[in-house]
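Some structures to go through are shown next.
Each of the two complexes below includes chain A, the first together with chain B, the second together with chain C.
So, the complex of A and B:
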C-alpha cells in the first residue's frame, strides 16, 4: 500500500480550500441569522416570534440534504422564470455562493436555538439595567447582552461549527468541487477509493481538531469576567 | 434584521452573469465514469464521451465549457439551465424522455453482471435467490434488477457511485454487481483486486437496456438538438468517431 496521491494532491488541496471557504462563510451567515433569529424568537412582537418559530421548526425538521436540493434548484428555476419573463440574460447562481447561502440558511435555525438558550441564561436585569441608564437597545445588546451570552453560547456554537464543516461535505450535489468530490474523482480514476476517502477523513479531522483549539481560546476569552469566581 | 437580510442577499447575489454567447456551449458531466468521463490528476475532464463531444463541438463551430454536476441531480440541473446539454453516459429511456430530449445514440455498450469466480452464480434469477446485488442508483441496471430480481427474493442495493458497489463487492457484502460491461471491465475486472471475479453468463438482454446513451437537452431546445444530431452524424461519417473509439476501446462502442 503506497501513500502516494498519484498526482491528485492539487485537486484535493483545491477541494480542501473550497470546503474550508464554504464552511467558514456558512458559519458567518448562520451565526448572523442565528443572532437575529434568537432576538426575533424572544421578541414581544408576535409576528417576529411566530415567524422565527416557523423558520426553526421547518428547517430543523427537514434533513439538510433534502433542503439543499429543494432550495438550490427551486431558487435557480424561480430566478430563470423571472429573467426570462423580462427577457434578461440568465443569472447563474454560482455553486459556491449557493452552497454558502443554503448551508447558512439551514444552520441559522440551529444557531437560533443555541443563541436563544444563551440569551435566556443571562439574567434579565443586565439588559434592563443597561436600558434604564439610557443605552440604545442595539448598543446595550452589543456591550452588555452579547459578551455575556456568548459565554453560554460557545459550547453550542462549537458543536454547530463541527456539524457545518461536515455537512459541507455534501455540497458536491450542488455541483461544487469540494474536497469530497475531489476524493471521489481521484479514487475513481485510480481505483483506490478507500485510500482517498481516508485522506479526506484525515483532513476533516485535522480541520475540526484545529478548530477546537481556537474555540477553546475563545471560551477562555469570553470567560474573563467570571474567571476569578472559580476555584 | 433588515441589514442582515441585505448582507445575505449580497452574498447570494455574487452571481455570475451568464452571457448568451453563441460561441460556447455549456456541457454538464459527472466525471466519475471512466473511461467515458473522468478527471485527470491535473483536473482536466477526459474520456471517450468527452472527446466525442469535443469533436461534435468542433463541427458545430462552438467551444465547449464543462460544468461538473452529480449524476443524481444532473437532470434537474439541466432544467435549471446550469448547462445546455448532458454529456454523462446517460442511457436513453422512456422515463428520462418524459423529462428531457435525447440526441441520437452516442454509444451503446453491452450490460454486464460480475460475480466471484466459482460462485456458480448466473444472470438467471433462480441462482440469485437470497443473494445481494448492487449497482449505481438511478441507472437502467437498477431498473432491470427491480423488475426481474427484486420480486423474486434477490436483495437489490443501489449505490450512489460505481466505486461504492465495487468496494462492497470486494468486501463480500455483495454477491454480484451490474453495470455497463465497459465500466465493469476497466474499473473492476482489469484491476488487481478484480482477478477473482468474472462476467456472469448468459449475457443480459432486455428492452430495458434500450438504445444506448445519448446527450440530453431540454425539451424546448429543439434547434440545439438538431445541431447536435447533425454534428454526431458528421463525425460518424468522416471517421472521427472511429478514431476516437480506437483510442479507448478494443471493440466498437457504437454497438450493432
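So, the complex of A and C:
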C-alpha cells in the first residue's frame, strides 16, 4: 500500500478548506444565536423565555443529521413553492451557506444552554451596578457581563466547537463538496477508499487536537486575574 | 399527511414486512452498541486510570483517535474502506462479516461509544476519594475486591449523569447508520421522502419519534439518578430556586 495521494491532494485540500469554512462560520452563527437565546431564555418576558425554551428543547432532542436533512431540503422545497406561485425563476440556495445556516441554527440551541449557565454564574450585582451608573443595557452587557461570563462559558464553547467540526463532516450528505466528498471521489476513482478516508480522519484529528491546544490557551487567557486555590 | 402516516406507520415503527426497520432498528442499534461499548469500556477505563504507562498510553491513543474524528468518517472507513482492502476481501470469514452494512455499523458504533464511555468512566474512577481506597486497603482487600466493592460501584454512580448524556448522544448518532444502507428510522424517512416528495412530513415524523425517545431516555435517567444518586439530592424536599417570595407556604403538621 503506497501513501501517495495520486494527484488528489488539490481536491482534498479544497475540501478541507470548505469543511473549515463551514465549521467556523457555523460557530459564529451559533455563537450569536446562543447569546441571543440565553438572554431571551433568562428574560422576564414570558414569550421570549418560552420561545427560547421550546427552541432549545426541540433542537437538542432531535439528531443533528435529521434536522440537517429536514431543514435543508424542506426550506429549498418551500422556497420553490413560493417562487413557482409567483411565477419566478427557481432560487437555488447555495449549498455552503445553506449548510452554515442549518448548522448554526442547530448548534445555536446548544450554545444557548452553555451561555445560560455562564450568564447565571456571574454575580447579579455586576450587571446591576453597571445599569445603576447609567450604562445602556447593551454596553453593560458588552463591557461587564460578557467578559466575565465567557470565563465560565469557555469549557462549554470548546466542547460545542469540537462537536460542530465533527458534525460538519456530515455536510457531504447534503451535497456539499467538503473533504469527505473529496475523499469519496478520490477513493472511488483509485479503489483505495480506506486510505483516502484515513487521510480525512487524520486531517480531522489534526484540526480537533489543534483546536484543543488553542482553546486551552484561551481558557488560561480568560482566567487571568482569577487565583486558583493551591492545595 | 394522513395518507403518508397511514401507508408508512409500520415501516417507521418496526417493520416493512420483511426486515426490522425504523424505530425498532434504531433502538436495536442503540442497545447493542451501548451494551457492548459498556462491557469493553470498563476494563479500558481501569487501564486508562492506571499509573502504568504501558496500560494507559494505548488506551489514551484509542480514545484520542476515536473521539477526535467524526463517527461518520469512522463508519465510512469500516464500511466503504475495508471492502477495498485486499486482505479482508480475500479472507472469507472477514469478508462475510464486513460485507454486511449492519455489522459495519455496529463495529463503528461500539468502537465510538466505547471511546467516549472509557473517558467518562476513567474520569469517575480518578475522582474516587483516596480515603475510600485507603480504607479498603487497610482492611486487607485485594485489588480485585477493592475495585469490585469500593471503586467501581461509587465511580459508576458518579459517572451516571455524564453517561446518560453519552447514551442520548449515541441515540442521535445512530442516524448515520442509514448511510450504510441499514434501515433505521432515518433511512425510512429518506425512502418515504424519495417515494412521496413530502420532505417536511417524511423527515418531520422521524424527528418527532426521535424527540419522543429522547424524552423517554431523559426521564428514565432522571429516575435512575434519583435512585442511585439519592444521597446527593437536596436534603429538604421543598427548596425553590426562586428565592424568598416563592417559598412554599408552611404546611400544617
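Just so we're on the same page, the second predicted complex is superposed on the first by the 226 of 231 C-alpha atoms of A that agree within 3 Å, B and C clash if a C-alpha of one lies under 4 Å from a C-alpha of the other, contacts with A are read in each partner's own complex, and residues count from 1 in each chain.
Rule of thumb we're sticking to: a contact is a pair of C-beta atoms (placed from the backbone, for glycine too) under 8 Å apart; a residue touches a chain by one contact, two chains touch by 3 or more.
Quick caveat: nothing in here was measured; it's all calculated off a predicted structure.
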Superposition on chain A - do chain B and chain C clash or fit: clash
Touching partner for A:167 - first (chain B), second (chain C), both, neither: second
Contacts of A:121 with chain B and chain C, given as first, second, both or neither: neither
Partner chain in contact with A:132 - chain B first, chain C second, else both or neither: neither
First, second, both or neither for A:226, with chain B first and chain C second: neither
First (chain B), second (chain C), both or neither touched by A:214: neither
Partner chain in contact with A:64 - chain B first, chain C second, else both or neither: second
First, second, both or neither for A:73, with chain B first and chain C second: both
Which superposed partner A:94 touches (first chain B, second chain C, both, neither): first
Chain B versus chain C as contact partner of A:104, first or second or both or neither: first
Against chain C, colliding segment of chain B, chosen among 57-65, 165-173, 219-227 or 237-245: 165-173
Contact residues common to both interfaces of chain A (with chain B and with chain C): 69, 73, 77, 173, 184, 187, 191, 193-194
Interfacial residue positions of chain A with respect to chain C in the complex: 58, 61-67, 69-70, 73-74, 77-78, 165-167, 169-170, 173, 180, 183-184, 187, 191-195, 197-198, 200-201, 204-205, 208-209
Partner chain B, residues of chain A touching it in the complex: 6-8, 10-11, 14, 25, 29, 32-33, 36, 39-40, 48, 69, 73, 76-77, 80, 89-94, 97-98, 100-101, 104, 172-175, 177, 181, 184-189, 191, 193-194
Footprint of chain A on chain B - complex, ascending: 1, 4, 7-8, 11-12, 14-20, 31-34, 38-43, 67-70, 72-73, 76-77, 79-82, 161-164, 166-167, 187, 191, 193
Contact set on chain C toward chain A in their complex: 64-65, 68-74, 76-77, 80-85, 171-176, 179, 186, 189-190, 193, 197, 199-200, 203-204, 206-207, 210-211, 214-215
